[in-house]
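Look at the two complexes coming up: chain A is in both, with chain B in one and chain C in the other.
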Partner chain A sequence: MGSNILMIFVKVVTRGSGLKVSAVVSINLLVILLFRNNALTPYLTMLLSMVASAAIIIIDFRLHSLLLYVLYVYGSRPNTVRILISLYSLLIASILSLPYLAIDLMSFSSALTSTFLIALSTLSLIYKNVRGGTSITF
Partner chain B sequence: MTREYKTVIKARLARLVGIYKLSLLILRKPFTYLVILATILSVIASGLNTKYENNLVVVRDPTITGDPHTMLIRFSEPVSVEACSTLLSGLSLEGHCTYYYRVILDHPYQLVKSRKLIYVVLGVEEEVLKGLGLEDGLSEFSFGYSEISEESATDSMLLDGKILEVTLVHVNSSLLANYLIFYKTPIIPVQGYVGTEPVTVPLQHVLISTYDNVMRLANVSEPLATDIVVTNLSGFIEPVKVFEFLEERYPVTEVAVTGNGYVMYVSEVRIPTPDSLISAVLSSITASIIIISIFSSTTPYLKELRNKIFLMGFQPWAMTIVMVGYTLTSIMFPGLITLTYVFISMGGASTLNSLVTLTTSWLTSTIYIVLRTKPEKLVTEAYMPPTFRYVLISSVTDVRRLTEFIVKLIKTNEFFTSEEVEWRVEGNEAFIHAKMDYVDSWGSGIDLTIFVNVNGEKSYVNISSAVFGVEEVSESMSRSINALAISKIVGGVTAWEATS
Partner chain C sequence: MGDVVVLLKDVWKTYDEGNNKVVVLKKINASLMRGEIVGIHGPSGSGKTTLLKLIAGLIRPDRGEIIVDGYNLNMLDDNGLAMIRNTVVSYIPQDYGVIDEFTVFENVELPMLIAGVGKEERVRRVREVLEYIGLYNKVNVKTKLLSGGERQRVAIARALVMTPSVLLADEPTANLDWNTALKVIELFKNIREDFKTTIVIVTHDPRLLDLMDRSFTLMDGYLKDTTYKRREL
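Here is the complex of A and B:
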């Protein structure tokens, strides 16, 4: 069952639009940050990343619902489902924070990156809770 | 107003109200907030990332000699003549400064006896006056004027309600009109250009005098200058460098420096750099990706909405109007407000960048959503559904052998893995049920039900199929799975029958 669940997860990640959208947004933000000439730009792009991360939740809504259903059919435990969704959120958050990690090596403070990661993780947490609370009834 | 006309108006109003309510319905959806946020943030990010440079123009003319270099500095309002010494010492340069006080008056002075209005007053140094043929200089309250016939005349000048007795000294109009303080820059202020030719203020409205006289007239204590010409410069200097040095201290509008065969002009006009435009384009791409992705996920909902309003009797263009209205309200409206903020806080160059971002995002998003929610064409290609029932007539009459062979074909189908195969033979009839998983797509497969019936010389194989999938299986995928499962049985039995 474990390998099946892993396969489902890989399929959701590769077939969903979220990963592709986050990768493209991430590349764009990296270039914007490289061309920046204002101290506020990193914060604004950070907000833009958060909007993108929220948008990804909407984009892949149907796929995620399907994932929950399939996992339920496979007899997964609620914690397994939550771990998988958190893993997915973390993956998206990491991709969106890659520009900051790349830039941080050159000039930004690590605090900015941490703030960004925390913000994204919070958003992911909300997403996880919403999904966990409304869609799964074990 | 006739009853019919009233009915038409009422029906049209009802449609308008319907479109308005539909727009509100979409606008109230949570994804609208994300669209608004993405737009606002992209527009501001684009404005913030703007880098601009002063407009640099190079005029080539082989007649210009750049040795020694000459520089012209123009200000939007009079500045202290100390500006020149500040500049020379600040940039470690040497040169000779010539000051000009050239103003166009908002309220003209009036020469009472001559009945002329004076719009331009020029204050220049003695050496310039000599160049204009006024070698003897001008005494207190004496002004050079080209529109008198005698050598000198007295007149009364009305300025700000006071009468001032002045002496007008004749100045050669040709010399005055053609006197240049710099390359193609006349001493008379330029009002505009016809083609490349400057249009100056008519000489009848111009007075010229010494610096002291003009400063007295302007009622200022220290000498001021609107233009400074630096001659005999110790070396060539980039006008951009001069401009940047001066703009922090004085209201400079233009700096020009002569070189060998060219003049370089730097003006206060600022244009965004190519880097900055790349940033604007990237911001718009980011916003467009986010917005389009959101729209993409809401397309099924919008299509459902479109079908519903069609049933209510709306025209196909109603949805287009609703969607364009939606993008205008959710992207353009907040974008324009943000653009106003960018203009006020960051200036024109940043606004240009933000405008590029806003327009691109709005256009791409609108085109995408309008195309996605566009009604399907009424005439489409006829679709041939895959066959889900197939009857094969065979000459093999041994029902058990035939059934076993079909089961073997099912189990050896390379496109499927048999999840379950069950079969039963009773007399001249047999029943086979198989559930097969399609190997190329996870979670989809086919369910086969086959009846074999032998009647006299012939046997009849009735195949019924049902394609399944945990996700929605597309038409093409369903057709492929169905064909791969049935063709194996039909082809296999036919070939077996022919060779056995």
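Here is the complex of A and C:
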């Protein structure tokens, strides 16, 4: 995948979802600061991240579908479009999970890691639907 | 005019709709010459967009051959078709496919970014094509702030920036008033004259067919050349 296509992708993600992602991360950080001694806080931030991810995908659905479609129409290879979809999923999920990961690093537990993996699986399922909605036949 | 740029030989296309198979295109045969403007007319759901997508290499036929500017699309793998879409054929979707979060410049440079064209060359070519289209004064404006006609011209500029041999426009005038529609057709005629591009326009408006070099009608899956019929009227 060329660096130019990556540039288009980063631009769209930043302009389309950047503000929303920043807001969610800020809220999560605030929750951590306010309730740092509560054992449920990591789960709460994880839940917030998941709900926010789903909301961002729904809100920006048209933009993401359009970008993928336009890239495909104007000559991107199908594999490039596939990689972009996965990369976008990973990027949003990672950024939204930053507050949670900070807690996880400080107090590692298998329960937290399992929750995190379940959250990521859920996100990839949602993205599968996004891909289905782009009307691209690979 | 002279050489054949698009050749369709016995092309069939079927879609699965649940348990049923719907034959959208049946034994389509046509040859389009370099530098001609061709109109394709037909009722909604008659397969006009499918035909454009087949020529654009966006989908593959079930049977038959499609040859575009010397490339037999059946012989190309996915990467080969991607190259065709980037350099040989440009497809303008019905809703223009303009990205609202991008400026006019960023939208138009997109095919060149995919092709890996360097920055200086991109700036030069975007400037050229926007001056040609008459939109250079809006180069740094986000496309969501433009009118319908301007967005249409951004889509045409983006399709033109790689100087393709074939330009496919899906209902380019559907959302425009008659006067703006005439201006768009005039622009296509200028492009034909200046770049020798073959232009295929799908339309539901039969009045536009009179402005084309040739016209086809798609009905019940069959494509019929109706140029002479219209001229006799």
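The rule we apply is simple: the second predicted complex is superposed on the first by the 103 of 138 C-alpha atoms of A that agree within 3 Å, B and C clash if a C-alpha of one lies under 4 Å from a C-alpha of the other, contacts with A are read in each partner's own complex, and residues count from 1 in each chain.
Please note the rule applied: a contact is a pair of C-beta atoms (placed from the backbone, for glycine too) under 8 Å apart; a residue touches a chain by one contact, two chains touch by 3 or more.
Source: prediction; values computed, not measured.
Engineer: Report clash or fit for the pair chain B and chain C bound to chain A in the combined superposed model.
Structural biologist: Superposition check on chain A flags a clash between chain B and chain C.
Engineer: Just chain B (first), just chain C (second), both, or neither: which does A:Thr41 touch?
Structural biologist: A:Thr41: touches chain B, not chain C.
Engineer: Between chain B (first) and chain C (second), which, if any, makes contact with A:Met7: first, second, both or neither?
Structural biologist: In the superposition, A:Met7 contacts both chain B and chain C.
Engineer: Should A:Ile32 be classified as contacting the first partner (chain B), the second (chain C), both, or neither?
Structural biologist: In the superposition, A:Ile32 touches chain B alone.
Engineer: With both complexes overlaid on chain A, does A:Val70 touch chain B (first), chain C (second), both or neither?
Structural biologist: Once the two structures are laid over each other on A, A:Val70 reaches both partners.
Engineer: Tell me which partner touches more residues of chain A in the superposed arrangement, chain B or chain C.
Structural biologist: After superposition, B is the partner touching more of chain A.
Engineer: Going by the contact rule set out at the top, does A:Val24 touch chain B (first), chain C (second), both, or neither?
Structural biologist: In the superposition, A:Val24 contacts chain B only.
Engineer: A:Ser94 contacts which: chain B (first), chain C (second), both, neither?
Structural biologist: A:Ser94 contacts neither chain B nor chain C.
Engineer: If you stack the two complexes on chain A, which partner ends up touching A:Gly16: first (chain B), second (chain C), both, or neither?
Structural biologist: Second partner only.
Engineer: In the overlay, one of 3-11, 21-29, 75-83 or 129-137 from chain C clashes with chain B and the rest don't. Which one?
Structural biologist: It is 129-137.
Engineer: Please write out, lowest number first, the residues of chain A touched by both chain B and chain C across the two complexes.
Structural biologist: Shared contact residues on chain A (touching chain B in one complex, chain C in the other): 7, 11, 66, 69-70, 73.
Engineer: Flag every residue of chain B that touches chain A in the complex, lowest number first.
Structural biologist: 30-31, 34, 37-38, 41-42, 44-45, 48-51, 275-276, 278-279, 282-283, 285-286, 289-290, 293-294, 296-298, 442-443, 470-471
Engineer: Once bound in the complex, which stretches of chain A touch chain B?
Structural biologist: 7, 11, 17, 21, 24-25, 28-29, 31-32, 35-38, 40-41, 44-45, 47-48, 51-52, 54-56, 58-62, 66, 69-70, 73
Engineer: Tell me, which parts of chain C touch chain A in their complex?
Structural biologist: 56, 58-59, 78-79, 82-87, 90-91, 93, 97, 99-102, 106, 110-111, 113-116, 158
Engineer: Across the complex, what residues on chain A touch chain C?
Structural biologist: Spelled out, the residues of chain A in touch with chain C are 2, 4-5, 7-8, 11-12, 15-16, 63, 66-67, 69-79, 137-138.
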